[in-house]
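Paired with chain B in one complex and with chain C in the other, chain A is shared by the two complexes that follow.
Right, the complex of A and B next:
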């Protein structure tokens, strides 16, 4: 309070902030980026540890013996799948029933807004089959889920085999205190969405599905299994879910603890962890792992079938078997034992997993960075926006050289300001609405008039609307007031900077990675744009730093990090497919990234574009 | 001036009517920031249903409105939307008229003071000119009607809008100098939610000033006027409570309304300070901390009345702000009401106002986000939400103290001159300590 109300000290503070504004901003930006890069350095991270008492101290023995038989069932499943040309519903029902489960099926159908060219589907019809193992020792109020997708082709047959093998083995155990639901879902996430909506009696995306005939208690945790070979070299843990949501860290800890105990190689983001953190290559390895996680989280899409569980407060992860050229192999029995151990410990839970962190980044499977450590990186970037806003406010508040009626003059200048700020705001938001609605609505017209497929039509319309937004009338204020005033753009910039700060802050809270990546590119734009900078060069820089180009760079960077670099043409095709996937994710599962970018981030960027061309 | 006001009213009503028709209305009326257990429309409907069934609406633990409100809506339930829009319009018009009237008085006072050469020469630029003041009433009305907080609480049909209307009418009748109406509206406001009780002192000071009765504890005329006002206030309060009793046929409503406000049994999160503390507290300290928390609202009346006894209208608005910060179930509607201030704080420190409005803006955006993370996503927890609540309240307190400081500074300049000199002749600045 003293600092705010003491005029002398405040004057000193203000003069310091205005005089050193640009250097402070630059320092903040560097510090923000440096902080973020430092997160991957092992001494700055915490070791993971099990927080949940119910899972920590209890010992369990894993005795699952029947790996070979499970693989046999998998082969049988694959044969029936080929015969049925899809999900072998009857065979699955019969097999699950013979293993002593209560078996139910659910039909669902969904018409996609436009054909999905990646997965080659448009009209989707399918059936989920699930069997419930009723808990013999408890009142059946809680449940765990183990799911395996029934994928087209030869994928994931072993996963279904292991699932059925575990079902048979679990049936003979007496210590289950929670119902265990074994789910085989068709059409990956679409089937999962139908099943979850049916289980929880919600319908958020307008999908058709038949109601579930049987259900267990409230689901506490879920694992999704993806296994396409008889032996694996390592198991990969996938955590990123819808809208960048992550499961409780204890689930990852549990997986890691059992991998250590049983002696299975485990990875996250497909990267093994290394012990040489003090060497350059070790550090860059950790940075790669963390950046992959950041990119995946920022995309806002579910990276495995578990991704939709998180929306319902269910902690879930996907375990993926990877078979590479290493010597050391793990067989199906060991994987079965690992899953058995995890389910035994989850079975011991007394309450939902809540002890450990929900906001974290993982530079390796054994180390994590929690929200308190990574938020300052974003905070430093957001601080730049606040400093710029403060600077603009002081410029606006200090009256111009005092004339006889200085006060009255200032008021006359600020009164047309409202209108000249409101018009660009409305125009850019209308462009955003167009970007959000037009691509899907105009696909038929586009297909009629141009030689493109529906998917291409949607993506190209989106890009066209985006580009057209740049050419919108930027000097509406001149029509309204005759000339743009000096204060006009400052007011507009003040509004835009504050708008961006609030927007990025909210985004970073929900999905840190997305907020941080957007802040990295948008904050410099917001900081340097004025009408006085050289036009052509600044326009070029602004386009480079616009959200669409950020996405393009992200695609290349992601490929680079996965050690699968692509040529420019392939990258471009990938970019187009990423856009279409983003729109589809929004329509199918309610992912928020596409509407966020179209309705809020893009209009905000357009405001800065507007300021650049202010005359 | 009537034409812009009509236009403003039309715009405000259109915005509200459009929002009532949209799908947002349901969403808004569920937000904890907008409705409290005291003012939620859902609960009024529940109370009405119980009343129709012949059950006392207070028999459950759902309904906490006063009996007059429920009988009002017994007749008006089909026109609820119009009622709430009308309440907002009445509030705005009442504020408009009272500010206009108050401006006239300020001018008169200023003229006398100028003629008597009471102002120092160098502070002429602090003196208000008619041109400057002309738009202030309209600005105040606009600020109330187009404030997003007010719009939200009107669309959610929070009965807080009705309370605001009663308080605005009280302000109007006080400023017009109508002692009886002032007492009646004050008692109505008190009846609705106990806290406006603290406005009593401010109203009394204003009316005394208007009737040229000095505040002197030894004078008979002072005590006589206080007794008159107290009689009218308590009498009308008694009549209203008695009326409620005869309408309802029981005293059920007393514990269910006032007990509910004072003892805070419902700890649903809201934007106030109570819920988190009382959820965390050991049960046997509850009574003590209830007293500590509740006394905040009433306690500031004494020092503020002493400091501001020459400026009772400013005192009324300070009191409203204090109530909206410290009451047990605050909503954004209350805060909207408390923002209304028509003292153009001419020397208000612009930096503080900027910081505070940034914080308020950010908080308003963060409330729904953190609520989502806590309740729906399950990844954040109540601490995140409470942190934002605290920040929001700190910003409000800063805002109030800033206005207070600016007001005091203006008064100081008016009596001591704008350009202060220290004893040694160098320029001095005012410091608030």
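Right, the complex of A and C next:
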């Protein structure tokens, strides 16, 4: 800091930073992107390892024998499900009771803010059934959860079968130290939300549920099982939960360790890991896997039924059985043994999982990138904002060069009024509030006046408000001060740049992926926009880099990464449904991405839009 | 002459409706002696000397200690004969002659800790309370000033063989003869529930109550899990449960009996007991009239020709009556800042309401917001008729909340209170802070309306297990219910990297904060080197002339 205390050197440093500002920013951006892409390169990543001693050294033997019988139970379940036209509550209660569990049910109902066209539901009524296996001589203070969804159609019957088979097998074992809750939830996440809210007696989203009668104390870990075929080729591990929360990495390690031990193919993001990291295709495979994780995490939605557990500090993951056209098949007995092993190890836990990382990215199931490695990528992008802010600050602080006749430009010297900065801030935030509230509130009016469904109405209103925000007369400062002053936009831009830096910084701390994706597109906008750049071209670039278009590109990219490319029209339809899902996720589960984008990111982007049209 | 003493032993076996089986041992030693008033008691026969010395040294009037592994499942198993909370529970009434109750309590817990090989020495002022109403003396005596009462629980205490051995050593026959031969730890700890207790109290010698005796009751309750899916009839035998059979009674015992609860089978369809007995006994147990088959071990005929008794029962499990009173408790909310304790009390009586005393002792690190206390039944506010609340003091004493609540018939009463989780000092965390911190069970004491009107049989003939809690009102019986303990996570720092944290913090403070503060508060100016003498003189002259200085 002696560097800064010495006025001469400080002056030199400042002039260096102001003269080389643009090149430094470009270098930072490049470096940030390069750093991020490097994260998927295997030599730069760490191998996963089990941090929790209670799960590491104690080997367990898996002996679950009854895979075939479990599948039979699954078929029985499917028959009763068809007969009941939904959750076969009575049958499940009876079956669980006969397996020696304490069985309870929970009814719930929820009216969605607008119809969910993806899952075809609006008024949701359902029942969760859960059975508690009481651990002998345990005081009901700790529990583990195994859940399987009761899905419409023929999905996940096998999962329920395996769950019931495991319940029967577990009941006859003596080593349990924690209660085990076997939960069959109806209406996937909505049922899970109702159950978790009932268990913890909270109500964050205004759902109706009947109180739970039986509990097992504080839940330590949970797994959700999805299985739709009798044999599987691989098991996929889903980690991304609500708001981009991830379970402790040890849970993924546990899954990986048992897959290795039992010899089951395991994937994450549906991608097998490859050994040829030094080849281009191997590297691009790792990048794809990591990018998929980043996209899923950035979306902030729970990607499996486990996603809602994470809010309650319960480590949870979803295990999906995948049946593709591969030779090597795994039967239900093996899956049962895998789960048995995992539960026995979780049962051995003395403390909650806390030893390993909570913030990580996985370029493959055996490698991970911890927060310390990926944060610099974001830091390099955020540095651009700080450099631009410094540049602006110096420009504002140093008086303009005196003109020859020694008369300073009086108008430029006068600092712009508070109003000229405050007005655009308030207006853009009001637009954000409109974007947040109008779509749901105006759906009825929209449906009356236009030939659209409620869901379309909500999405189209959102897009309309978003577009209208661009057309608003932002340059109100002209009404106040006559014309836009030179310093006026600089002050506004300084405020906007710092605002964006804080906003992205906070976002990246909670949900790195979302922060990074937003930074990738918003930082260039923030860096280059001034009133003096060519209007039409800049406006076009800005719109391309706006949050809505980022989402559109993300949709296409996501499909591309999943190796399911879509045509533009399909992509557009997908885009519309993603918007409606985002709004629904917020209303149903309390996902924060939609309010974040509507109330903070979009207004922030509008400030830069405003600067572009300052003069 | 020698003071009279007497020893009785008893085992009650009750097949439970859930398919499990409940075995309850009781051993009672009565001694007509007086430990108090300076009497030096030195000759011990049946009464264990270690406990006798404890009574006289610490002027104990009543002592109740229980060690429990597991939670009694009231909804599946009905009522236990003697309830106890998970972990260790100790409550003691001292004589009113004791001046320093807290000091005596501290010493007593340490001594008991040694006697029972348990961590009772962890009982200190932060988990001890003085309940004002919930724990009345069970023996004779007229002192009810709760200054002489101390109550503490250790919900985390794990009970195992090392606690069972000293407990068995207190018996006159040890585990050599009598019912105690069944107490083999490898079987007792292979069960769903295990609880052992010691109760010491002064009781009347006769009905006139002119002199008092000391009563020591040792009880052991165990529930065995007999779950076998898809089987109609359940089968149980002494050997299957304890891997022992009985060959004799304890020679020192005046009475040694086994009772088998056959109430649920009046016609003999559900039950099959072999060898059969014609001795039947009826008793009022917890407000219900029960019928028992009795086996008297002091009679040689009981053991038959093989000189060994291996009772065998086959029965069908059925649905059961819901218990009239039961309770549960849980922590609501998420996050590590606040939370809410919910206590649910169920009154399943179809038409009678009854009052219950709720006792909650919450450690200081959960800071209760007592203004958020709500009591609701059937959606309406239920105002407690008595509330005794003692706020906690950080690191000194826990919260104590006692209240008397009327439970309406056929209802659930919910008591909620919010709390804030305190940040502990870093040395105060346990070695496994991420496991969570325990809050002991709340205690619900109540006079529950009896299902059957009280029987007027002579009290002498009653089995031991029915005569523990004194019952004055004939239409109701005393009952105590314990809720499950709570496991609460507190905000926990990452202990694995103190070095990194210290280094980082020091660096940030020293380099970052120091320099930044320096930069922000000081103004920097370029200082001209001080002018020479000639220049200074010239400036003085210029100043006098009114010309700007050089």
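Assume the second predicted complex is superposed on the first by the 597 of 615 C-alpha atoms of A that agree within 3 Å, B and C clash if a C-alpha of one lies under 4 Å from a C-alpha of the other, contacts with A are read in each partner's own complex, and residues count from 1 in each chain.
Keep this in mind: contacts are C-beta pairs under 8 Å (C-beta built on N, C-alpha and C of every residue); 3 or more make two chains touch, one makes a residue touch a chain.
This structure is a prediction, so every number in the text was calculated from the model and none was measured.
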### Message
With both complexes superposed on chain A, which partner does A:510 reach: first (chain B), second (chain C), both or neither?
### Response
first
### Task
Applying the touch criterion given at the start, work out whether A:313 contacts chain B, chain C, both or neither, answering first, second, both or neither.
both
### Message
Quick check for you: in the superposed arrangement, does A:281 touch first (chain B), second (chain C), both or neither?
### Response
neither
### Task
Using the superposition on chain A described above, determine whether A:397 touches chain B (first), chain C (second), both, or neither.
first
### Query
Is A:324 in contact with chain B, with chain C, with both, or with neither (first, second, both, neither)?
neither
### Task
Figure out whether A:140 sits in contact with chain B (first) or chain C (second), or with both, or with neither.
second
### Message
Per the contact definition in the header, classify A:172: touching chain B only (first), chain C only (second), both, or neither.
### Response
second
### Summary
Overlap of chain B and chain C contacts on chain A, residues 1, 4-5, 7, 10, 311, 313
### Message
Residue numbers of chain B touching chain A in their complex, please.
### Response
125, 349-352, 354-355, 358, 361-362, 365-366, 369-370, 372-373, 377-380, 398, 401, 405, 429-432
### Task
Would you mind writing out the residues of chain A in touch with chain C in their complex?
1, 4-5, 7, 10, 98-100, 102, 134, 136-142, 168, 171-172, 174, 200-202, 215, 217-218, 311-313, 350-352, 354-355
### Summary
In the complex, chain C touches chain A at residues 69-71, 73, 75-76, 86-87, 155, 189-194, 225, 227, 229-230, 328, 330-336, 340, 342, 432-436, 438, 484-489, 492, 496, 511, 514-516, 518-519, 522, 524-526
### chain A - residues contacting chain B, complex
1, 4-8, 10, 14, 245-246, 310-311, 313, 358-359, 386, 389-390, 393-394, 397, 407, 498, 501-502, 505-506, 509-510
